[in-house]
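Some structures to go through are shown next.
Here come two complexes built around chain A, the first alongside chain B, the second alongside chain C.
After this line comes the complex of A and B, so read on.
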């Protein structure tokens, strides 16, 4: 494995598997994200090299496949599989998680009623956003890609006009009144395909949805209604949705986990 | 001050332990003895034979444990037994023995979850207060963290347990089951040096071992039938020792990876390894390197507590008993399926 180089950028996140930096690509005006899988000294060097290379390449392939099939995700700029690095497009915008968090923080009626306006007169409709999420996941599953870690943190919002959307919760009201006026103006961008795979199995797709459902319900207890909009939209926009949604019922009953034997 | 006797027999070990809890003092182990049913090389332990073993040894072990501990029957506060998970017939034998003792001595019964027994004993012995737990044995592979009165399973093996994978591989190579197949694999692995390419299956915080077993079994089968396998770089012959080494390096890397992911998820730096495979020093070493990188440390116990034993059942049972929990005789069943997260952990905050 090539020696690690020092990354010229700001460390954003240090997960169990990868470190994520913000930097620029070629021109100082082009922001990018660098995902690095560092060497794990606990495992055999040959195994470590093999895994790092494999994961790096497969993640980049999934990103390319998504993009070429019209599912929005960061564009891959450069892959250095020997160093375990992917340089990709910087997505400017809040995650759905932060967005919903802000939305709840400013006291909007989150789970009830048809128009979601609640106490804030400038409130915006969340329903189109949920429809958009359902559609995006439906498209992803139609091209047989399993995300593997569908949480609200891995769904990002990008304004169609390429305007920045603020995600600062202290400025929540600006978020609602300001630059972006309606979530229907946002594109939903999928990020982090580190646990992704290509599969046409209904079980894998159902588990993908189940993971998202759990993430949603833990974000806010009243989010059931919102998640149902996602499922409705998924049903309309994904060809194999009927079987997957039936499978989801089973997955819900047993949880993601099997019953334990011995 | 309370005293419990614990009976364990969910697999091929029959264990009897006696423990004493005194408020604000560490638990005292008054006795902890075990008898193992060892099957011949190339064979696993069958439920029927294992149950016969437990039935024929349980009286002897209980008597010996009482004698060693110097405790009289009158001083014992409760009888704890393994309710599950485990193999049906061995569990039943021990449950019958526990019920008999409870009626004979007129003591309350406490049914204990085997996995919770391992976790509580590990915490007591090592002093790790709130670790991520890797529970690895012949029947279980789980990454567990405590939250809201439950030991929650964050990740697990989706098919066979790591210990099962090692045991069955040992059978293919005709490695001895005495004292344990995993122990003998560990000794052979120390002499291995070539890493062969084995499937590596991690999905998030879950993993799978059946593909590994199938692969290495087929590989070993070819070797045993006389096909020469050579290392790609050095051209040297691959030995059974190399297979043990490769199996351990690959399977343990998977376990450390899912544990690390769970630690990052819950924000913990402590990791506790329990269960029979937890005795393996290479696994402990790898886990230690990972934990150190995260600014933490690994806690592990030795074979007295890692391998199935009666004392952990006595300990976890007594913790529950002190919160007022008992198992009435007509509910004193056992079950092969009993998930760790089904137990309401009343004794922790």
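After this line comes the complex of A and C, so read on.
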């Protein structure tokens, strides 16, 4: 394993698997995100090197496959697999999780029946977003990519006209709240393919949806209706949706793991 | 006017000197000097028709300098300039990469890049730029994406970078009779740009 080096950028997040920095690639005008998988001292050195390299490589490949086949995700700019670094495109905008969170904060109820606003009002803004999410996941599954960790934090919103958005995510979020009335104004971008894989099995795709459903309902408890919009849109847009949705029923009954091993 | 720049994440003493030329008349001479390994002609001479954006050659330089300085990686071609041309390639075949992405005797446009460590005492910016501007006989144009796109040969780019899967999902939906949102010209260029950068970045993993 090559020795780690200090990264020129601001540390944004530190997860169990990786550290994420914001920086620039090549030119000051090209913002980028650097995802570094640091070595884990408690693991055997050879195993650690192999795991880090393998995960880094598979994530980079998936990102590239996904983006070039036409599903939005960060583009890969540079990979240093020996150090477990991926330099990728910077996506400006809030995560769906933050967006929904802010949405609740500003007093819009998105469950059944509103507190401050009528149910007509909530529908206008969130329904297109949910449809867009369903469509994007449908596309992803149609190119046989399984994300593996679909949560609302791993879905981001990018303004189509990406020029005027500030680097402040709060600001970006507020901006979106104002303009998200039309689904054509923003794109749903998938991030973090660390647990992804290429597979055409409907089981894997159903589990992908199941993971999102669990994540969605636990972070946004009143969001059953919203998740159903995602599923409807998935059904409409994804070519192989019928089998996958049938499989989803089974997965719901038994949970994520098919074989009860491990 | 040649462009000079240093790259983030690399020692700032490494500087790129870049100039783009059209109506080039001495491509055959430059090509023969490269083959003769004449140190006076140690430049990265790139065929601009395989470029889709100004980020592409700079990204290749980034890879080349990165590998030059990385004791675990190291260069796989004789010098950092040939490595730059090699870094444009999505495959490991060095000869092919020179032929496809480097200058050929019949080239009429050339992108010339000189990479120098400015901490060396022999470095002189004015000399380097002067030499860069005079080594290629042709009309110098701005090194930017607008000029580069005028020279791009899309069919060559798609073939060399193996981009036939690009936009696969839209093609699939179109075949099934779905309405597809048309992308703007700018979006199409951007998709092409990142697909090419991705192909270059992923080469080391093959």
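Going forward, the second predicted complex is superposed on the first by the 221 of 262 C-alpha atoms of A that agree within 3 Å, B and C clash if a C-alpha of one lies under 4 Å from a C-alpha of the other, contacts with A are read in each partner's own complex, and residues count from 1 in each chain.
In this text, contacts are C-beta pairs under 8 Å (C-beta built on N, C-alpha and C of every residue); 3 or more make two chains touch, one makes a residue touch a chain.
The structure displayed is predicted, hence computed values, not measured ones.
A.B. asks: In this superposition, which partner touches a larger number of chain A residues, chain B or chain C?
C.D. replies: C
A.B. asks: Once the shared chain is lined up, is A:127 touching chain B (first), chain C (second), both, or neither of them?
C.D. replies: So A:127 meets neither chain B nor chain C here.
A.B. asks: What is the contact status of A:187 with respect to chain B (first) and chain C (second): first, second, both, or neither?
C.D. replies: A:187: touches no partner chain.
A.B. asks: Give one of first, second, both or neither to describe whether A:43 is in contact with chain B, with chain C, with both, or with none.
C.D. replies: first
A.B. asks: Tell me the contact category for A:77 with respect to chain B and chain C: first, second, both or neither.
C.D. replies: Only chain C is touched by A:77; chain B is not.
A.B. asks: Name the contact category of A:64: first (chain B only), second (chain C only), both, or neither.
C.D. replies: Second partner only, chain C.
A.B. asks: Touching A:15, do we find chain B (first), chain C (second), both, or neither?
C.D. replies: Touch status of A:15: first partner only.
A.B. asks: Scan A:92 for contacts with chain B and chain C and give back first, second, both or neither.
C.D. replies: After superposing on A, A:92 lies clear of both chain B and chain C.
A.B. asks: Within their complex, state which residues of chain A touch chain B.
C.D. replies: 15-17, 40-44, 46-47, 50-51, 148-149, 195, 257-262
A.B. asks: So in the complex, the part of chain B that touches chain A is made up of which residues?
C.D. replies: 10-11, 85-87, 139-140, 153, 156, 158, 195, 197, 200, 203-204, 249-250, 253, 256-257, 260-261, 263-265, 286-287, 289-290, 293, 336-340
A.B. asks: Spell out the residues on chain C that touch chain A in their complex, using ranges where they run on.
C.D. replies: It comes out as residues 5, 7-9, 55, 58-59, 62-63, 66, 70, 72-73, 163, 165-170, 172-173, 176, 181, 191, 194-195, 197-199, 201-202, 204-205.
A.B. asks: Give every residue of chain A touching chain C within the complex, in rising order.
C.D. replies: 2, 7-8, 23-28, 30, 57, 60-61, 63-65, 67-71, 75-82, 87, 89, 139, 142-143, 184, 239
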